[in-house]
Structures are given as structure tokens and as C-alpha cells.
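The letters A, B, C and D name the chains in turn, as written, and every chain counts its residues from 1.
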Amino acid sequence: MIKMTCATALIAATAAMPVLAEDITITVWAGGSNEGDHYRIENIEIAADLLSREAAIHGEELNITVEGKRDFDGWDGFKQAVTLGAEANNAPHIVVTSHLDIAPWASAGYIVPVEDYVDLDAWPLNNIYSNLMDIAAYDGVQWGVPQDAESRPFFYWKDTFTQLGYTDADMAEMSARVEAGEYTLRDMLADAKKAVDMGLVEEGYGFYPRVSNGPDYAQFYQSFGGELTDPETGKLLFDRTAMTEMYQFFVDAVEAGVTRKNHIGTEWDQWYSEVANGKAAFWHGGTWHYGRYTGKEGNEDFFGTIGFTLIPAGNDAGRANTVTHPLVYLLTDQEDDRAEEIAAQLVAIASEPRLNTLHAIKSSHLAIGKAESGLDLYAGDRWASEATEVLLPHANAQPNHPSYGAFSEAMFKGLEAAWTGIQTPEEAVAEVEAQLTATLGDELIIR
Amino acid sequence: MTRQTLLGLGFLSPALLAVVMFFLLPVVLTVVFAFTNMSTSTGILGGAYQISESDLRRLPAAGVSDEAVTLLEGAGYAVQPETLALFAAEFGEDRASELEKLHGGATFDDRRAMERALKELRRNPLRKVRDRKTAAELFRVSILGQRFATEAEFQTAIADLGVPDPDRAALTTAAYTGWTFTTQNFELLWKLPATWRYALNTVLYVVLTLGFNVSFGLFLALSTFYLPTRTAQTFRAIWFLPRILPPVLYVLMWQWLTWDQGFISAMMRPFGIEPINWMRHTATHAWIFIVLINGCVGASLGMILFSSSLRAIPETQLFAAQVDGANRWQQARYVLLPQMRWPILFITSYQTLSLLTSFEYILLATDGGPGRQTEVWALAAYHTALSNYGGNLEYGLGAAYALGLVIIGILLSALYLRFFNFRELVAKPRIEQ
Amino acid sequence: MRIELQNFTKRFGDTTVIEDMSLSVASGEMVALLGPSGCGKSTTLFAISGIHRIDGGTLHFGDRDVTALPPQDRPVGVVFQNYALYPHMSVAENIGFPLKVQKLSSSEIKRRVSEMADLVQIGNLLSRKPQQLSGGQQQRVALARALVRKPDVLLLDEPLANLDAKLRLEMRSEIRRLQRETGITAILVTHDQIEAMSMCDRIALMKDGNIEQISTPSEMYERPASRYVAGFLGNPPISFLQAEANGQLALGGGNALALPNGITATGPVTLGVRPEHFGPQHRGSSVAGRVSFIEPQGREDLIDVILPDDQRLRAIVPAGHDITLGQEISWQVDLDRVHLFDAEGARL
Amino acid sequence: MNTKGNWILILALSLISAPLVIMYGFQLIDSISRPAPGGIIPQEWELTNWRFLWTSIDSARPSIWRVTFNTFVFASSTALLVCAFSITAAYALSRLNFSARRFFLAGLIMLHAFPTITLIIAIFIVLQFLGLYDSLMGVILVKAALELPFGIWIMKGFYDSVPWEIEMAGVQDGASRFRVWRELILPQVKPGLSALLIFSFLAGWSEFILPLVLAPGADAQVLATYMNAVIADDTRPDYGLFKAIGMFYALPVIAVYLLFQKRLMNIYGGGTKG
């Protein structure tokens, strides 16, 4: 006899119940969300309104109260709160979090698959880009729904670029050249050096990378031919050569004087203000930076001053790439399965193109579905349209692997050691390798 | 039991209850955790039984036969007489026969495909998503990805599936998602080169900060000792504030002082010194500021304790020294300092223990950087157990780190207790009945 | 109220401080426990008060066995060396505290407090706090507090040690007056022989947890039971000479004294001579020596005499003599008043 | 010579204290002014950084007054609990003669060696078991328990310095040990008690990890988490705002310090003998 999961059994049971007024409270916690990201919660509220109306048409009275919370003390605090809440059986119904949390949280039983409750082949979920849907899946199960998309482009300051001798036509072709691997990170380094030598930018401002760990650094690993997972086995992959070359690239940048030795740990505030105002020649960031550059930092002519491309390839083995790190809506395991079901429906409704576009444009993120580019709000936003076109097709995500966090952490610590000159790239790679072999064991392939 | 014992235990019990419940018990639990592989993935309060797709490739290594793996791997959903019978019982014979006609004998890899198949029913369609979900479940023949709350349920399920008897035990072990006991945390700590570096960093941190605390606390106490009361109070206030200011705020002030556009850089600019991040420029910079930040907090303790023991030294001794022509330095060196041996020793031992386990200021200031150069043991414990970008927090390993500290702490405090004559400290109460 | 301490033994951990000591104090009597620090006198006091447990033996107040009673239940008042006044309470509250504990009515407390305050002559200080009082006044408050609940026994632990010399003299007679007026049985612990002798009916001289001798002050001064007792009492102290008894007392260097009446001992003995019993003004056996030191005291002078065998004797000589330093003298010892001790220090 | 020597000392001390004073000073100045971009010299004076006092700075954040109230409740309950538990426990350890006393004292010292924050997962389990997870009560109990060894140790020091004779006199006057403690000894350690009260209050005021992790949903946001959440907002960090909030956060601490300076200093004087 094959067992049914309790969840579906219960749904069947509730379906047969007589119609009654139903009051339900759905809590939504959004991690890493600032003022501009308020639609992560508000879209659920709008969805709740829609769902109530749908129920009313069937003659059912469904009152949904949505309680949102997003003022967490950074990601650490948010994740601690969610996991401990889940252990205590009072996790919020819906969480908005990194897709990287899916693997550990699924294994711990904190979350339930969204596919248990909604039809993935129906609107609006069938409209979502399938590569994004895959990012919210793990082990063949669709656990969550992408909440937004972004990608992490490479930026250059157009003025500086012109003074380096590039024409407007060159700049128009930049994206294509980078994509084709004709303009590499090494070329960039040479240009950056030139910019410093010519005094176009101050020393240390030729190439001005992200100041803390993040998915961005996985891009550089990929630029030098590294892959994060082995597609055959799904195990994590540590490519010694790619890693060494990537470390070496940053060491060279420091030695050439285009990047500061103590760059890591620079204040974000300072960093934003500098890149948005042309103090740096090259840098990389995220699509959502657009909002900050044009907003608080007061860059009124974004497209006239800043150009963007994929992260260039580093060598022949590598490829131009960009990492997307979408946040996802996840449903937590609740004692009340009806709450899970309603939460799932709310998530589905909140993924409607119109609702998601509100979030995308308000927070300078990218669309999750094809239909969004057909909406005026989205199409009318030059940044969203261009970035979607140039970046999103080439975006890949970091793997949903329970140990990816350890991998990423170790990779960055090693990079920091090499960057700051505490170890040579070879030493740093050797230590990272030793550590990862010890911690991940069988889950890691060394190449 | 005497009346005093009763009263003593009675007086002690509220504090004892609180400390045992919220301090001692967690300590014991932490010791237990150190011997587990507990992490976010395993959950904290227990696990379930589940074999997922990615587990399959691990199974052979766990001692499960290939035959069993193939069984488990088998297609997820099958339209076959047994499952059709279940479907017919729930949703009617006519639907079942239509489906048999459409997909009889077919297998589907995932539920999505099964649901698509169900959507093809035309004569009497399953209109509701919920019904299709329920119906799809009826065709499930695989247990992949299914979660079983108890071992018994899992055993039944694999028995139904026909997993050969010898494989069942290994399969059950492999399927458990909760934490298990292991000593690998300690093996790992032993093997990792970083562990030893953190240990070294901790020693460096404790020794340097302690040195700063004691010598600077002494300096403050001695110098304010000679000043008029009001002036002395002002300086003491300046140096006491770091201790009571909220750490988040206090460290932020230092950040402001040291970052590229901060105060030091701005002051140095006219002298042609390029602005740098003075706290993070090199490991040496970082260490200097770590010691200063922690030192200014710790020095106030020394300052106050030393000040009060200085006041206890009879003034006549100073007069005598002055008459003998000793200058202040000589007075401090030959008259005052020798009498401060015990307070100095006390501060040293007390703060060694405090510093060993403290990391809050480092976390806020450099977060162990640059390049893990200022990562101390306690901070590593925190990072491992409570802060991980990828979301998988390693509670067990973190607890192992903490346990290392606890052992060192207990050894040290035992040593200090001998040193400070514990017997005297706990001298018998003088009222005996 | 009679105090009867029998076979008292006290241990702290593994060390026995007092073993098998017995002490009996008659009703209305005041007895001093005298001895150097560490001799066990305070321990004995605390055992009687109940603060220390009695590890062996019994304690009776009158016919009542109080051995196992906690301090709260013993009819004992104690005055401590530092007075132990409660700093946060006024004088009246301090004195009234024992009555408050007994749950007396506040008017009753008030009456008895003022009665007691009058007795110790501090009626005008009742509203003050202890730190506003002089040492002598604090002492009086402490006495009042100890006596206010009319205990059967008054224990005084070095009550005068913290006072200056003048006050000490005053309080000595004051305490004695109070004790006489109230008729209370009292035990005084002190290391000061003058206090013990001037205030008490009897003195128990203690050494290493034992009572060496218990008797009236004059009896103890005049007939010390041991060399230790003789050496402890007397100021300036007694001089001891080593001598050989063989029909007479042979001192070194040719000096010899006759054996005092009734002494038949032979062999090595110790001779104790108080300064007031040696000098040119006495009659008896004479000893020759040289004056080595003269210390004028006003009414009389102390004179150290060094004997030919380097032993020393001290004399009190009325002022107005013509003795000079280095003078060879031959002075008399009052043989009726000297003390002889055997090799173990016991009186012969 | 003395005054000249003093001037040299004051000069040396001032130089050494300068960085701290500058930091304190600019904390205040920056909160009420706007510096030139990239500079440190204030350009105009303005109070906009203090806007959080009367408006909400972000739709998701509760009002500052609510948060301040929470912080106050958290800090003062913790302080009261620590004091209430310490005064009895410390008395027992200092003065009462009972069998397990030595054992408890040694344990107390050992507890000092624990990195408390790494206990948080285990503490969670205990709270969960008691049903106190995600409640302010639970966090208060935990914080109090973690502060208790320190509190007991400090109070024991104060009890140790009360003369035994006072206690003996009380007992001799016929009062029970409890009464002696209540009426005679407790008034003597009042200075210590108030120092401990202030100190535990300040410790509670600064705490941020415990409420953050153990009561995430219970509206238990405190000033430390509030302030940290403001920094965590990396798209719109606002240093002036941050400094103003910091100033607001620090004001009670400074006020408490100025008011109770002597008593705070007491805590070490009395508490660390031995």
C-alpha cells in the first residue's frame, strides 16, 4: 500500500467541510528587505484581498489578515529567527529569503513544497522564466516561487572610458564584445591601469569591487573557468586552476595599483557614493544599484555616465557571466494545513506580472516572468528593460546545495587572504582546499 | 538539616533555579552538541526519515545495495492496476477507465507530469487543483522526497516497496535527517590549519589586550591619583564611558575615526598621507585597533580597581617617600606598585577569562578580517554556529569550538583558584548555629 | 545566674582549639577571661553566647541546659570590641531592636529604652546615628542594647580596646558600676591584665585553650600557679632567674639566696622576683650585681641590674636615690614574696 | 613642583584621552549638523537627523518611543531580577553555613569562563521546552540568568565587607537569621545593591543578540536591534541619522553615569575583594 502524505489527505478532508466564515492570519517575514522592498509584503496583502474576493464569489467568507515583518538585523538575524521559529512550530507562514536556504531548510523539514498546493502549469506560475523556477527547486521538488530577479553586472564610467580612447560606438559594442569573450578581465585590468597612470582616477580606483562577500565573487570564479557544481552528480566543484587564477587576478590588480589592498571592508556608504560619481573606472554591482545611484547618490544621467556588461571572461577557459541571486517565497511547515494552502495561493497570486512588476520597478529588480516586459510600467523603465535583455538570458544561479554556504565562505576568506597579501594565491587555494576537503568530504569534487 | 542549611538553600534557590535552567543546562547541552553533527539541515529538535533524489548517489557508500537503490530510483508515478483501483475508489470508475485508456501502463518522473496527464481527462475532468493533487498522490509508487515522521512508517514504506531485508537498516540510517552523535567535529578542528591560527590569534589577542589593560589601567589610576578630585573625575569619566556605552555604538565611533574618509585620514591629508582605512589596512593595523578598542573597555575596570586600592595605601608612606626625595615616578615604582600586587594579579586573571570568551567588539569592528587575521576562537565559534552566508549553520561544530574554550576556561579558573587561595575566599562563616 | 561550662571542647575543622575546659561563674560575679590573642578566650565567649557550636561538653545557665540552644534563645547580652551598632538605626532604635524582636508594644519599648539610656547616661543622644557619637558614647549604647532585654548573662568582648587611654579609664569603672547595679553575671574577654584586675571579681587566665589559673586578682598576683601566670601579670613584669636548689638557691657568679620557708626542692628551679620585691630598701638575702639601666618614672625609678652570670633583675626604687649607671650594688630580695617554679613551670 | 607636575600629567592624560573625546564630540556634532561631503567639518546645523523622534523613518519600523519603552522594560526587569536573585544568593554564599556552599562558590567562578553567546541554541531548546520562546519574559529570564554569576559575585563582595559583629549582635539580640538579613545586613549593602541595579540595567540596555534571536516576533524590538537594523539597510544608510539614534540611545547611559557615578565605581571597589 502506498501512503498518502498527510497534507493532501487533510486538504481532501477540508474540501468536504460546510461553508463557514473563515478567519485566518498569514504572517510574512522578508529578509534583507529595505524600505524600497515593501512590495515583498504588500503584494501578499493585495493577493489576500484578491483571494477573499474569489472566495466571496463562491459564497464563502474568507477573511485573511496579513502580518508582515521586515525590520531584521541583517540576514543572520533573519535566518536565526526563521529557523528557531520553525523549530518552535511558530515560523511565519511565508518567508522571503535567499534561494540558497532551500536545501538546508528542506532537509530540516522547515519548509513545504509549493508544488503540493498550486498548479505549476497554470497562470501565473507558468509564465515565470523556467531558469528562475529551477533556482527555487531542489532535488526535483519545486519548493518555492521566485520573488524577484536581479543580476550582477559589470559597470564602467563612460567618461573615463572615453578618455581612454574608446568611442561611443565602441561603448555600444561593449556588451557584445564582453559576451563574445573579446574583452576580458585582463583587458579591463590593462585599461584600469592606464586610467590610473593617466590620472583619470586615483590610485586604487581603477577597479573597485564589492567590499564584502556575496554571490559576486562566484562570478569571477566562473570567469576563469570555474564551475560551482558538477552537473552529473550535483556535487560542489572546486576547480584549483580557476580558483588560483581568480585569486591571482585580484592580487595582480592590487599590485598594479588599480585596486586597494585594504579594499575589503570599505564602508558601503562611501563605496556607493564613489562609484556613482565617477571616482572609479570599473566596478561591479547589482541591478538594484540603479536605484541607489540615481536616488540617494544623485546621479541624474545614469545612462550617459555609466555603462554595463556581463562580468567579462577571465581567460579562454572561462566565460562572460553574471550570477542572479533571486529571493524566493517559501512556505513553512505549519500544523494547520489550511494555512499552508492559503499561503501557497497567496504566493501564486503575488507572482502575477502586474504585482511583481510593482516590486521590480520600485526596488530596481528584474522581472520574474515573460509577461512583465509587456506591461507599460516595466517596458517604460529603461533600466529594467535593458538589463533584462542584456543580462538575464546569461544569468546562472548559485547551486542549492546544503554545503554551498561553507564553500562560498571559504572561497571568499581565501580570496581575502590572497588579496591582502597574507598568503600567496597558491597558499590560499591550498588552505581553502584543505578546509573544504575536511568539511565537505564526499560532497566536493576537486578538479 | 540545620536551620542555616535550609535558609541557605532557600536563599540560593531562586538564583540557582535561574542559573541552572538558563545557564548551566545550556552549557551541558552545548557539551552534548559538540558531539553531534547538528546543523540547520539536521534541525535541532529531531528529524524525520526521507530519501531524496540527491541522497540516492550517497546510498551505495552508506552500504545500501545497488538493487535497493534501483528500486528507490524507480519512476515516481505509475498508472498501473493497483494505483488505478485506488483512483477509481476515490474519483469514480469512469475517470479511471478513461485514464487507463489514455496512459495505461505509463510512468511519470514527477508529479507535475502526472498532473498534466490527469488534466487530459475530458469526459469528466478533475477541475480543481486540489483534486488533481490528491489524485496524483494516488499514483505515487516512489518514496523519493517523501517525509516520514517516524522510523516505523519509513520501515513500512520501504518494506512495501520491496527493499531487500539486509538493506533496510542501512537505508533507515541513511534516511534519517536529524542529527546524530559523532566525534568528527573534533577531528575536523584538529585537522584544520585555521583552527591553530585562531588559537594563536586568541593568544595574541588575550596577551596584547591584557597587557594594554593592565598597564594602561595602572597608568590611569596612578596619574589620576595625583590630580585634584574634579580633574581626576573628568578623566575617569572619559575612560569609563567605553565600558557602559552600547558596543554597537562604541565600535561605530571607532569606525568613524578610522575609515578612509574618517577623522584620522582627514587629519593626515594635509601632511600628504593618503587616506586609508586605518583599521583594516593591514593585519597590523587591525590588531592595533582591536587591542585599542577592547583595551579602552578593559582599562576602565583596571583603572577603578587600582584607584580604590591606591586610596587604601596610607598617605604617610607617600610623605615619607617625598621626604626621602623620591620623585613621582620613583614613588610609583617603589612605594605604590609593590603594594598593588594583588589587584594586578586579580585583574590579570579575571580579564584573561573574560577576554578568552569575548568577541563582540571584534565582530563589530573587523569581523575577523582582514583575511581572518583577527579571527579569534570565540568569534570562530560564533561564525560557525550562528552566521553563515549560505544558510547552513553548523551548530555542532560551533559547540565544539565553544567546548574548547570552556575547557581552557575551567583549567585556568581552577589554576587561579589555587592561586588566590580559594580556602580563604570561602572562609567558613563565623556564626555556626 | 550561675554559668557552668563543663568539659568544653571546640574544634575548627580538624584542629582542636579548646579541649576539655571547665569554667564556673557564680551568679552576679564578673569574671575576666585573660590571655594573649589566640588563646581561645574569644572562642569560649562565642561558645557561651551561642554563636559557636559547642563540640563537646555542656553549658548550663543556672539549672538550665543551654548547650544546644541557638544564640537567639539564650538570655545573653554581648558587647563587641567594635560595638557593632547598627549604622542605619538611631541610638533609640539600636537599643530598642532586641525589644522589637520580642514584639513588645512601642510604648513599652520607648519606656525601657529611655530607662536604659538613663542608666548608661546617654538620654540626650537617643535620636542620633551611631556615626555621630564618640567612642565612649558608642560603647554606652552598645552596653544599653546588650542589657535592655534584661539578659541573665553579659558578655564583653574586649570592650575597651578601641578607646583612648582616658576614656578607657572612665569606662572601666562605668562598666563595673553597671554590672554591680544590675547584678548581672558577666564575663569579660580581654588581653589587658589591668582591665581584668581592676574590673573583675575573678580572673581566668588562659593559655593555648586551657585555663592556667582561675582566682581573684590579688590571689593570682600574689600566688601565681605557674611561671606563665607570674610572667603574664604585673607591670613592669616579673624577672625570672635560673637557679640550682641544693639547700640554698645557687645563682651563677657566686650569688646565692636562702631557700624560702617551706621549700624543700632540689635541682634546677626558676626564681621569680617582682621588681617591687628587690632593691636597697628591702630586707633579706642579698644579690650582687651592676646597674645597667635607669628608667625614671616620676614617683619611682626602674633600675635594671645585671648579675655576674648575665641574668637580669629589675628593681623599683623610690625616686630621690643616688644610684648611678654602672654602679656595683648588692641589694636585698624579699624572700617571703618571691615565687619558685619547677622545671615544668609549676609553682613549688 | 606639585602643580607643575600636575600640569604635565594633565597634558599627558589629555593627549591620550583626545581620541575618545573627539569621538564623543563628533558623535554629538554630527547628529545635529551636516558635514561637507567627504569631509568632517560641519557645514550647517540642523535637526533633521533627529526626525526619527517624531516621524517614522521607514514604514516597517515601529515608533522609536515604542522601542525605547521595550528597551526600558527589558533592561529594568532584567536588572530587578538580577538584584532580587543576587541579594539572597550572595548572602547565603557569603554568610550562611551550609554544606554545599564551597561547591556553589567554585561553580560560580567557573561559570565565568563560558562564551555565553554560543549557548544560544541550547538556550533556545530550554525556552522552547518551557514554552517561553518568543516571549519577552523568556528573554528577560535568560539575560538575568547570564548576568547572575557576575551579580552574585559582586554582592558577595559587599556582604563580605559588612562586619560580622553586626550580624552576631543581631542574632544575640534575639533576631532570626532571616530577620538579621532583612533588617540589619541588607541596609548595609544598599550602595552595592544600587550599583548592581544600575550596572545590570546598563547591561540590559546594551543587549541585542538575545532579544533578536529569542524573541523575534514578540514585538520585542529594542534600541540595539533598532539601531542595527538601521545600519543593515545598505541601500540607504544615513550616517547622520545613525549618529542621532546612537546619541539618543546613549543619552540615558550618560545620564545614569553622571547621576550615579560614585555608585557605579563602587561596584568594583566592593565587589572584587579577594
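One rule holds for everything that comes next: a residue touches a chain if its C-beta (ideal position, glycine included) is under 8 Å from a C-beta of that chain, and two chains touch if they have at least 3 such contacts.
All of these numbers come straight from a predicted model, not from anything done at the bench.
Trainee: Which chains are in contact with both subunit A and subunit C?
Mentor: Common neighbours, subunit A/subunit C: B, D.
Trainee: If I rank A-B and B-C by number of C-beta contact pairs, which comes first?
Mentor: Between the chain pairs A-B and B-C, A-B carries more contacts.
Trainee: Compared with subunit A, which chain's mean CA position is the farthest off?
Mentor: C
Trainee: When the C-alpha atoms of subunit A and subunit B are each averaged to a single point, how far apart are the two points in Å?
Mentor: Roughly 26 Å, centre to centre.
Trainee: Express in whole angstrom the distance between the two chain centres, defined as the mean CA positions of subunit B and subunit C.
Mentor: The separation of the two C-alpha centroids amounts to 67 Å.
Trainee: Taking each chain's centre as the mean position of its Cα atoms, how many Å separate subunit B from subunit D?
Mentor: The computed centroid separation for subunit B versus subunit D comes out at 22 Å.
Trainee: Between subunit C and subunit D, what distance separates the C-alpha centroids? Give it in angstrom.
Mentor: One centre to the other, that is 55 Å.
Trainee: Residues touching two or more other chains, restricted to subunit B: which are they?
Mentor: 3, 44-45, 261, 386, 428, 430-432
Trainee: Residues of subunit C that touch two or more other chains: which are they?
Mentor: 50-51, 70-71
Trainee: Which positions in subunit A touch two or more other chains at once?
Mentor: 80, 84, 87
Trainee: Identify every two-chain combination in which the chains touch.
Mentor: Every pair of chains meeting the touch criterion: A-B, A-D, B-C, B-D, C-D.
Trainee: Could you please specify the touching residues of subunit D with respect to subunit C in the complex?
Mentor: 163, 165-166, 168-176, 179, 183-184, 187-188
Trainee: What part of subunit C is in contact with subunit D in the complex they form?
Mentor: By the definition above, subunit C touches subunit D via 46, 49-51, 70-73, 76-78, 80-84, 86-88, 97-98, 101-102, 145-146, 149.
Trainee: Could you list, by residue number, the parts of subunit C that touch subunit B in their complex?
Mentor: 12-13, 50-53, 70-71
Trainee: Given the complex with subunit D, which residues does subunit B contribute to the contact?
Mentor: 2-5, 7-12, 14-16, 18-19, 21-30, 33, 38, 44-45, 220, 223-224, 226-228, 231, 233, 235-242, 244-249, 252-254, 256-257, 261-263, 266, 296, 301, 304-305, 307-308, 328, 343, 346, 350, 353-354, 356-360, 378, 381-382, 385-386, 395, 398-399, 401-402, 405-406, 408-410, 412-414, 416-417, 420, 422, 424-426, 428-432
Trainee: With touch defined as at the start, can you tell me which subunit B residues reach subunit C in the complex?
Mentor: 3, 428, 430-433
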